[in-house]
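Each chain gets a letter, A, B, C and D, in the order it is written, and its residues are counted from 1.
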Amino acid sequence: MIIVLKTNATPEQINHICEKVKELGLTPQVSRGVERTIIGVIGEEDTIRVKPLEAFPGVENVVPILRPYKLASKDFKPEPTVFEMGNGVKVGGKKIVVMAGPCSVESRDMLLRIAKTVKKAGADFLRGGAFKPRTSPYSFQGLGEEGLKYLREVADEVGLLVVTEVMDPRNVDLVAQYSDMLQIGARNMQNFDLLKECGMCKKPVLLKRGLSATIKELILSAEYILSKGNFKVILGERGIRTFETATRNTIDINAIPVVKDETHLPILLDPSHGTGKWDYVAPIAKAAVAAGADALMIEVHDNPEDAKSDGEQSLKPERFALLMKELRAVAHAVGRDI
Amino acid sequence: MIIVLKTNATPEQINHICEKVKELGLTPQVSRGVERTIIGVIGEEDTIRVKPLEAFPGVENVVPILRPYKLASKDFKPEPTVFEMGNGVKVGGKKIVVMAGPCSVESRDMLLRIAKTVKKAGADFLRGGAFKPRTSPYSFQGLGEEGLKYLREVADEVGLLVVTEVMDPRNVDLVAQYSDMLQIGARNMQNFDLLKECGMCKKPVLLKRGLSATIKELILSAEYILSKGNFKVILGERGIRTFETATRNTIDINAIPVVKDETHLPILLDPSHGTGKWDYVAPIAKAAVAAGADALMIEVHDNPEDAKSDGEQSLKPERFALLMKELRAVAHAVGRDI
Amino acid sequence: MIIVLKTNATPEQINHICEKVKELGLTPQVSRGVERTIIGVIGEEDTIRVKPLEAFPGVENVVPILRPYKLASKDFKPEPTVFEMGNGVKVGGKKIVVMAGPCSVESRDMLLRIAKTVKKAGADFLRGGAFKPRTSPYSFQGLGEEGLKYLREVADEVGLLVVTEVMDPRNVDLVAQYSDMLQIGARNMQNFDLLKECGMCKKPVLLKRGLSATIKELILSAEYILSKGNFKVILGERGIRTFETATRNTIDINAIPVVKDETHLPILLDPSHGTGKWDYVAPIAKAAVAAGADALMIEVHDNPEDAKSDGEQSLKPERFALLMKELRAVAHAVGRDI
Amino acid sequence: MIIVLKTNATPEQINHICEKVKELGLTPQVSRGVERTIIGVIGEEDTIRVKPLEAFPGVENVVPILRPYKLASKDFKPEPTVFEMGNGVKVGGKKIVVMAGPCSVESRDMLLRIAKTVKKAGADFLRGGAFKPRTSPYSFQGLGEEGLKYLREVADEVGLLVVTEVMDPRNVDLVAQYSDMLQIGARNMQNFDLLKECGMCKKPVLLKRGLSATIKELILSAEYILSKGNFKVILGERGIRTFETATRNTIDINAIPVVKDETHLPILLDPSHGTGKWDYVAPIAKAAVAAGADALMIEVHDNPEDAKSDGEQSLKPERFALLMKELRAVAHAVGRDI
């Protein structure tokens, strides 16, 4: 940690800060420049983070040097995390994992029809929301436990894994009972009680980036889960909120190399939410594979006109099957499978 | 609702859309322009919101006309909402309400010392976090129920009301037991299960705007609370996330007139979180009063150097007392009291 | 254009608006809904754009229906624009065009060394700044005309085309004299006098998106050039400004399908400025090709440590040559060449 | 400047960096922490800014310590800048300066009518655009020199000063001939050739913040003007671009205390562009005065319905006169006049 002092900081103020640093068992190193004096702090940076150093007289600003996350960082674990799911599917390996299905579970029938087509096209997971986070209280909120049951039954019948969202810490056990992977949605990325509950659960977790969360904050939220003992975490980029209105969100494709540079965790990209338009899903899915994504989440609906949510960004089954073929070519071009 | 068609939309596509609109009990009005055809939809707009119209062939985009919120809107209740708290304090009235205190409750002693000074300076509420949402799992997470007890005891001793944050839907009853107003923090603005629990509770709610939430989304989150029967809601602007890094957040001062234009709910501004620097708190607090804010939330700490959180943005008690005098002058200039 | 009225708009206000619409030779269509009345305007939308309709009493807001650009839109010219450069290079065709070279022209020697390597690796254009837009007046501002001369000489010697930035409308002729394509940088995307001068020049123009420009505004700036008679325009995505700080800018990869959907113009992506870190350039360049970009601009320097600008985001020649091979595989996977 | 090294930086890499630092006449100070080594650089920081240190092997990132601007900073000139205009008006003094008038100069008559009313209400400057930066090439582009003449004649007749925008470096002398203060608009904040021309001109300059410019970049653009010898600069906050769509832009009210903290230059706020709606202008203008703004720029039109631009955000003269009275009360409350 570097403490930058004001130009007019007095020797008393500098001494005062050094004393505080020493009280914490750390070593201050004062370095006087031509225009500024700075104090380097040697030792466990976390100790001093609890102190609001910027409140000290004479301090202009404070620059942390170390990454604030530990367990998620490549310093802690240099090799990429790969974890196996029940039926031979590996997350984080050479083969890119595909999660597909409707935005919401609407009925057992529609789910079964769609599940069959995505399985046939090569998907690994069935996605579908039973608990839906909706901006308006008047929008469809999901089928709840009934939806979870349909997901489990249909996935078992067809031979897919289940990933579905959990929103309420009280429901973590319930959702875990019916699914293979828990999804924490963008709006709950900093719902810390939910993160802790998912950390204590043994199920793998897909943690989606918040609409205005930095990549660093996304990793810190993953750190909540890891620090509770659950290391099976996959990070999800699904678009951030910017001034651009031509698409629903702005996909931050840069997040793929950044996450791979900073952490050992696998990364998923969701082109459906990231664009909000079904005809942009294919080019962005290909971009994700080319950039190194480990997984994709894609909305598929066989009757988008009647979808209870997100119909405008869902692919029809035949378009999804075609996309899977196109993705295969791109995956091979970058040394991956799908 | 206006449905804008593509230039090459066919008569069959137009018919198909009109049929769907009629199925919902609504009336389509086709209007053929020089370059485009559009379809106006007459009737209850909510009915059609469940249909993803943009997924229909021939549709370019869909423009909603009505506001998506009802109970929170001025159309529903034109006169401003004013509600009385226990001890004669009115939220939303001529007198601007001030909530002050430390970021976190750290001990009973510090809380009592600070409470006495903010009471003397004219504050109405004692603020202080017992449950703290922290970006990192390694930061101080608050004293929990012990902190709530201190808040209640100290506030009662000094003669203040208590406002404090609740993060977990499981804790709503617990927090309600010790406090006069529940705070939903920025990170939980779209924690819909928490919103519903607070809506079912009878306590007034301070709902803070999320870092990247539009004002419309803030009002929709309030609508969750109102739709459960709790109309005692105050909205809180505390800065949004932008590209600017000179301040912790960017205060959206425009939110004050927008909220007053769109809703009947009172609005609070938090200059401490909105700027992140104690020496910017005074000018921004004055700006808020001048712009028409109904309440202010200000962090006060008598030893910011040792604060467990947010020391750099806390005012010392004497500076807070001075600010209250300055705010009084501004309040009188715009026909308010404080 | 749709005019949405306030709930309490009076018949007089509605009449008044309809009269104004008729005065402009257009036809108003009043449509009364359950809660709102709206007025559709039939005719040339541009006529009415000069009127600030939102200032009329009774008007809540105004929704334009047509795209504000004409010449750049696919409605005007459905087939993609392809234009030929001097030496057989086609912009917008099946073969993806690559522009590579140093950020700034620093000397004739360095330029020649780098030009030889990028030519050998397969680049089509030599890029390099002679006039540099720098945030600080104390940063290196470029070699000016001397730099232009070096670019022309070196490109001719090696067999490349020249693309270089023009910042000042007074320099358009000068820059055009030495280069094959004029670049308008992000900071000048709305320098309308510069756009007009480039429109009157016959040289092809690379127009880069401003840091906070919407895609619609980018296309409108292109429209300035097209409306002066110059149709050889390529749009450039080089990252937008968001809250994310892990990368220099946030590449908006969505811009590729959006531009292809809205316009007939080719689109370039600049992964060097878009990420700001040389080790993120390769994954993002591959993503751009997979998503359908028609051109890439990549910074190459053989001694990044001594680069006068942007060394941290420049590839070394051997890394660039390797990247070209990797890009070829991805291009083939999506039916393109490079 | 602080150079933070990677955890695996080798002694050779560290030596290499230290050698480069010494070559520039500076002193490196190596400081080995528990997890990281950092190198402090003592001496003129500007010398080393030209080196792209992040391109050096072993470097993780580089943290500048000094402010990048000099002449504009309070370190250079601690007391606030106050400059006198022709007719006794002082910019930056106790009295807040008000610039008012139509968005565009449309005719001599309308300008005279409006000028009389704003003079009577207490404005100091007549504002009005003769050269208009318009997003679309099909929008009204201003009357050019004819508009400048009207501005001068009308201002002289009524007793006001003239502030008007210059967009093209070729027109600086022309605009200077007719006006008392040159305005550089938001879109041209980083039009560096224009900044330099305005710096060489002797007229005071109003420099408006770009839509996505940080405050630091705004000050660096001012530094371009100051470094050419023109110290009569006033900075203008007019709203930044964020995700919020309820207002045209998001006023960054925080910019007022930040600019006062960082520089000696006066600061203006433009509530008309900053909100985009005439009924939000009054609360935001009051907020600006309360927060410490030195000047306001407000659009006034006596027939907003027929304004050629920005009618929806213009105050009518009687509303403006009322606002001036309200602002006077707020100004007195914070120890200023208007």
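Everything below uses one rule, namely that a residue touches a chain if its C-beta (ideal position, glycine included) is under 8 Å from a C-beta of that chain, and two chains touch if they have at least 3 such contacts.
Every value quoted in this text rests on a predicted model; they were computed, and no experiment measured them.
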Farthest-lying chain, centroid of Cα atoms versus that of chain D: A
A-C or B-C - the one linked by more C-beta pairs in contact: A-C
Whole-Å gap separating chain B and chain C, where each centre is the average of the chain's CA atoms: 38
Distance from chain D to chain C - Cα centre to Cα centre, in angstrom: 26
Inter-centroid spacing, chain C versus chain A (mean Cα positions, whole Å): 31
Chain D residues counted as touching two or more neighbouring chains: 212, 241-243, 245
Complex contacts: residues of chain C adjacent to chain A: 212, 214-216, 240, 242-247, 250-258, 261-262, 274-275, 279-280, 283-284, 286-292, 326, 329-330, 332-334
Sites on chain B touched by chain C in the complex: 2, 4, 7, 29, 31-36, 38, 40, 42-45, 63, 65-66, 75, 212, 241-243, 245
Chain A partner contacts - residues on chain B that touch it in the complex: 20, 46, 49-56, 68-69, 133-140, 167-170, 187-188, 190-193, 210-212, 217, 220-221, 223-224, 227, 241, 277-278, 304-312, 314
